[in-house]
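Please see the structure below; I have some questions.
Which chain is which? They are A, B, C and D, in the order written, and residues in each are numbered from 1.
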Amino acid sequence: MNTFGNHFRISIFGESHGKWVGVTIDGCPAGIPLLESDLLPDLERRKAGAAGTTPRKEDDLPIFVSGIFNDKTTGAPLTIVFENNNIRSADYDAIKNTPRPGHADFVLRQKFNGFNDHRGGGHSSGRLTVALVAAGVVARKILEGISINAVLTEAGGSNDIETAISEAVKNQDSIGGIVSCTVKGLPVGIGEPFFNSLESVISHAVFSIPAVKGIEFGSGFAAARMHGSVHNDAIINEHGATGTNNAGGINGGISNGNDVCFRIAVKPASSTPKEQQTWNNATRSVEAFTVKGRHDLCIALRVPVVLEAVTAIALADLRMAQMR
Amino acid sequence: MNTFGNHFRISIFGESHGKWVGVTIDGCPAGIPLLESDLLPDLERRKAGAAGTTPRKEDDLPIFVSGIFNDKTTGAPLTIVFENNNIRSADYDAIKNTPRPGHADFVLRQKFNGFNDHRGGGHSSGRLTVALVAAGVVARKILEGISINAVLTEAGGSNDIETAISEAVKNQDSIGGIVSCTVKGLPVGIGEPFFNSLESVISHAVFSIPAVKGIEFGSGFAAARMHGSVHNDAIINEHGATGTNNAGGINGGISNGNDVCFRIAVKPASSTPKEQQTWNNATRSVEAFTVKGRHDLCIALRVPVVLEAVTAIALADLRMAQMR
Amino acid sequence: MNTFGNHFRISIFGESHGKWVGVTIDGCPAGIPLLESDLLPDLERRKAGAAGTTPRKEDDLPIFVSGIFNDKTTGAPLTIVFENNNIRSADYDAIKNTPRPGHADFVLRQKFNGFNDHRGGGHSSGRLTVALVAAGVVARKILEGISINAVLTEAGGSNDIETAISEAVKNQDSIGGIVSCTVKGLPVGIGEPFFNSLESVISHAVFSIPAVKGIEFGSGFAAARMHGSVHNDAIINEHGATGTNNAGGINGGISNGNDVCFRIAVKPASSTPKEQQTWNNATRSVEAFTVKGRHDLCIALRVPVVLEAVTAIALADLRMAQMR
Amino acid sequence: MNTFGNHFRISIFGESHGKWVGVTIDGCPAGIPLLESDLLPDLERRKAGAAGTTPRKEDDLPIFVSGIFNDKTTGAPLTIVFENNNIRSADYDAIKNTPRPGHADFVLRQKFNGFNDHRGGGHSSGRLTVALVAAGVVARKILEGISINAVLTEAGGSNDIETAISEAVKNQDSIGGIVSCTVKGLPVGIGEPFFNSLESVISHAVFSIPAVKGIEFGSGFAAARMHGSVHNDAIINEHGATGTNNAGGINGGISNGNDVCFRIAVKPASSTPKEQQTWNNATRSVEAFTVKGRHDLCIALRVPVVLEAVTAIALADLRMAQMR
């Protein structure tokens, strides 16, 4: 379903080339000051334009449809929409017969019996992350005293990211990256046994970001190679502070008061300018294929703000569960 | 909450040192043949006993409480319980004042204001995975034609697992491991946009297994270092078969008909025999600490059958969503 | 929450005097033909204008925001909005201090700490039923072969409804009514034990219609005065047809293949032109009070189409649950 | 599904003639004192034995399976089971071919393709209400300061209930009844727009009680015959107290601080000793039929304690929603 969360619940709608994309937030407490302009900084961070990102630019001006009165939330559903005003649908006609490798064209056509809106990935497009970012701004408002910070720490296998992007532009081949996220100030006790552990809920949210293929908390995969006596974080005071943080701030699926740390793997954009092979359903053969349309060479560049947003959404939901 | 799934929905209950642990499965179709003995092989795989696993042994005999009539499911809630008949609770008295590093003792006490059953980890104990394994057997019954296979591919950083275990026993220090899982036969189209992607739902389930700290699908973290032209899996026939499988059988969060592959990182058991440091709330100082009780040196050994179970549960839920 | 249903799930948003009101339908199967004009007949039935209904008239033209491609549903969330283009908010300033009797003014102010949009009832306004009617049209599309028919059978205590309305207009005092609903063609087996009985789910949906204060199925309250030998409906063929229908087509919470029949009680509109008493928070005394604004004298007139809509929504959800 | 509630969530399992029936409560706060003996008074009220109720008697001794430690709730799932120790299944063999009128035999067989446990109504039996009563006791514990009181006000059409029962015994024909429920002390603001109105959630819960066929809040069906100026309850102080209570303590689906009042219609037990007609699938004709087994002549006698229980469960869930 297109809804995430039980207490701070978001529902997204819209397609890459449709009229609007949007999000409805249900369960947002009343009385939170919120202006459309509050959303602009994060929307700007997400926006295309830097080297390595798609030349498609949307205005990305949020429109509040409901749930706001006198510049404050009302407790009623808060719906925010964005116009899609920069659409070149003709670019996508070819994919009806030649599903793009790495993309969801083939699976969406199968799953929805060919009725899905295939233009630009339709409802599965990265375009929808504009709605996630908007909801993330609202989520942060109910996470007072908690900071969420994500950074691209590696692109194309290098931590000199600027150079990596230049190489990708030169090679005309997309590259992936690693994004690290740190949450500071999260109180002890966030995360719900047995199935809504902090890792479960964050990873559930995070894998809704297109192109994410892995997540690890604290020492993550490296932990599999440690001894218990090394991996265990000694508790050093009554508030649960630990000397090391191999657990990434989470024990038994519950925040322990230390920084919550995790890293995600972002695959290279499937829409690479390089020639590829795919099945052509018209000619019934494998054929060379070149992606058309405007795309990011390094989508990982745009992921940090989206990662912060979905993390905020996940934490807002869990925190409201805890506040009962 | 202690419930997972929307269509094939499981709810678990019980504590490590309580009377019973159990699971209720709601949404299981009627007419599926099911005997208590059908559960034994997987329960046996999970059971303690091998070198590196805890000497605590339970009989682990499943008792069907409801939902079965004439050896078939009825469509009513199917409840299965297991007796806890091998309990030495005195072992755990110390942890009231000295929360064990790496364990959830500290966070549970905070979260539940000290009312949690602290004995053996209480409701957050690995003991609860016996209920997951039972539910997994039922889930597999509604995944006809689909195989799920998990193997421990690495322990203590080595793929010679037997030697790694011996070393751990010799060192008296716990070790972690990597478990790989492959799902064969999953039809195209499993996974629900936007938030219930196949990765989202599997990872949500997987992170409910105690000690899991990372997950990656297909090439996972390695994908972050590939070029798009290499990472993209060329589609080579009309059924969506791909030449490579860097995507791990998933595009846009939806199964593409190829093998679904993922790997998880299991941290070393927190209960290592090695001396550690922790805060003592009675003396109000950091003190040396040695874990008592009976524990696994390499819990990763017991994870594959649990991983298969939660994967089956996640897939059963998504498949029933798809069958609408 | 502002969401109804687990499989065919609707979420509504908007306020009486906000920009738009709307609904998002999640879980709607792909491939259903749907034009904006398909919604017009039911929207027209709901619209104001007849004697006894409010002079406020909206154009009520539905705008499809998402989920439709080439005039068919895509399987993605289907969002429909309506502009509010006939707003006179000044009418409502008085209610800040003098909560209108029978209305939700007082409780909404308390519940949302004064942050709710109080104009015209805000999110709790009958205006929102336009979104329910829109969703009802879509729900009916997936209830092929099933008819839902609701009629106003009594107004102001009389079954001569036209006369009752004339009297209400003459008396300038609002009146209530009884609406009966009959569902034909519902297959055997709709309704989910134990908590999602057909009665439970229908009544849950129905009591979201403003002004409904009672519901009874089949013989309903009269059944409480019958003997079992009279009330029981004899089964007269292998398809479960019954000679009488005191059960209203439902046994054990599950449809039995006969007509599903129920009746609801609609209270008189709280906004009656007659003078009333209420607490004035400014003067801190009970004072005479006259409602301003434009309102229905017999809201029951507008209920049948809304009742059909929510019934369709409830049945669509249960039917999709059953189709698993 | 067999789960009710989002915050205080109960799941029931078991069959009339199975091993145990039980309930799991998820979301119960930690630290609530709870003894098995706390449940006995309400269980006793529900128990059979009075004139007009079935001679089947169960011990109905609750067994706490999980979620309790040192006589207090732990915050983990609280599972309570009851043994079925007085079963005469042979009584029910006949119903395989001759579905009992008024019962769910026919619909359950259709819905579950004949795999349902048909003995004594299986999972749809009134026996399951023992689990509801148990959960109700727990729910009341988190509704401090709130009283819920239900009384049988009418049986067989008369308010001289004792005489009505004697007549039913003499006639050997079952009778129905009316049960009234009053909730005192409920704070203002309980009930969640738009779909989880207080009426919606209470009625959803109430219609899960077998044999309930109608519900009305406040003046209910009588409201349909009142004028607005009469029906409206004048607000007489700043706390929202009203002079009359036609609204039954609910405006706009939200509690207004006055008593919440509603009435339900209970049909006569379908298992009446009187001869009836039903379809015989073996002989393929309509035949005379007499119910065997032990049954209540006036099940309405046993409904008040169950009604209080489900009301408490519904209110506990809504109150916890409100406490966020």
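Everything that follows uses one rule, which is that a residue touches a chain if its C-beta (ideal position, glycine included) is under 8 Å from a C-beta of that chain, and two chains touch if they have at least 3 such contacts.
Computed from a predicted structure; not experimentally measured.
> By CA centroid distance, what chain is farthest from chain D?
A
> Please state whether B-C or A-C has more C-beta contact pairs across its interface.
Comparing B-C with A-C, the pair joined by more C-beta contacts is A-C.
> Can you check how far apart chain C and chain D are, centre to centre, with Cα atoms defining each centre and the answer in Å?
25
> Can you give the whole-Å distance between the Cα centres of chain B and chain C?
45
> Measuring from the mean C-alpha position of chain A to the mean C-alpha position of chain C, what distance in angstrom results?
37
> Please list all residues of chain B that touch 2 or more other chains.
1-3, 6, 12, 27, 76, 111, 123, 193
> Tell me, which parts of chain C touch chain A in their complex?
Within the complex, chain C touches chain A at residues 1-3, 9, 11-15, 18-22, 24, 26-27, 30-31, 63-67, 69, 72-79, 81, 111-113, 115-117, 122-123.
> Touching chain A in the complex: which residues of chain B?
1-4, 6, 12, 99, 101-104, 106-108, 110-111, 121, 123-124, 128, 154, 156-157, 171, 173-178, 188-189, 191-197, 199-201, 203-205, 207-208, 210, 212-229, 231-238, 240, 242-243, 246-248, 251-256, 265-272, 274-279, 281, 284, 286, 300, 322
> Spell out the residues on chain A that touch chain D in their complex, using ranges where they run on.
Residues 6-7, 27, 29, 76, 193, 320, 323-324.
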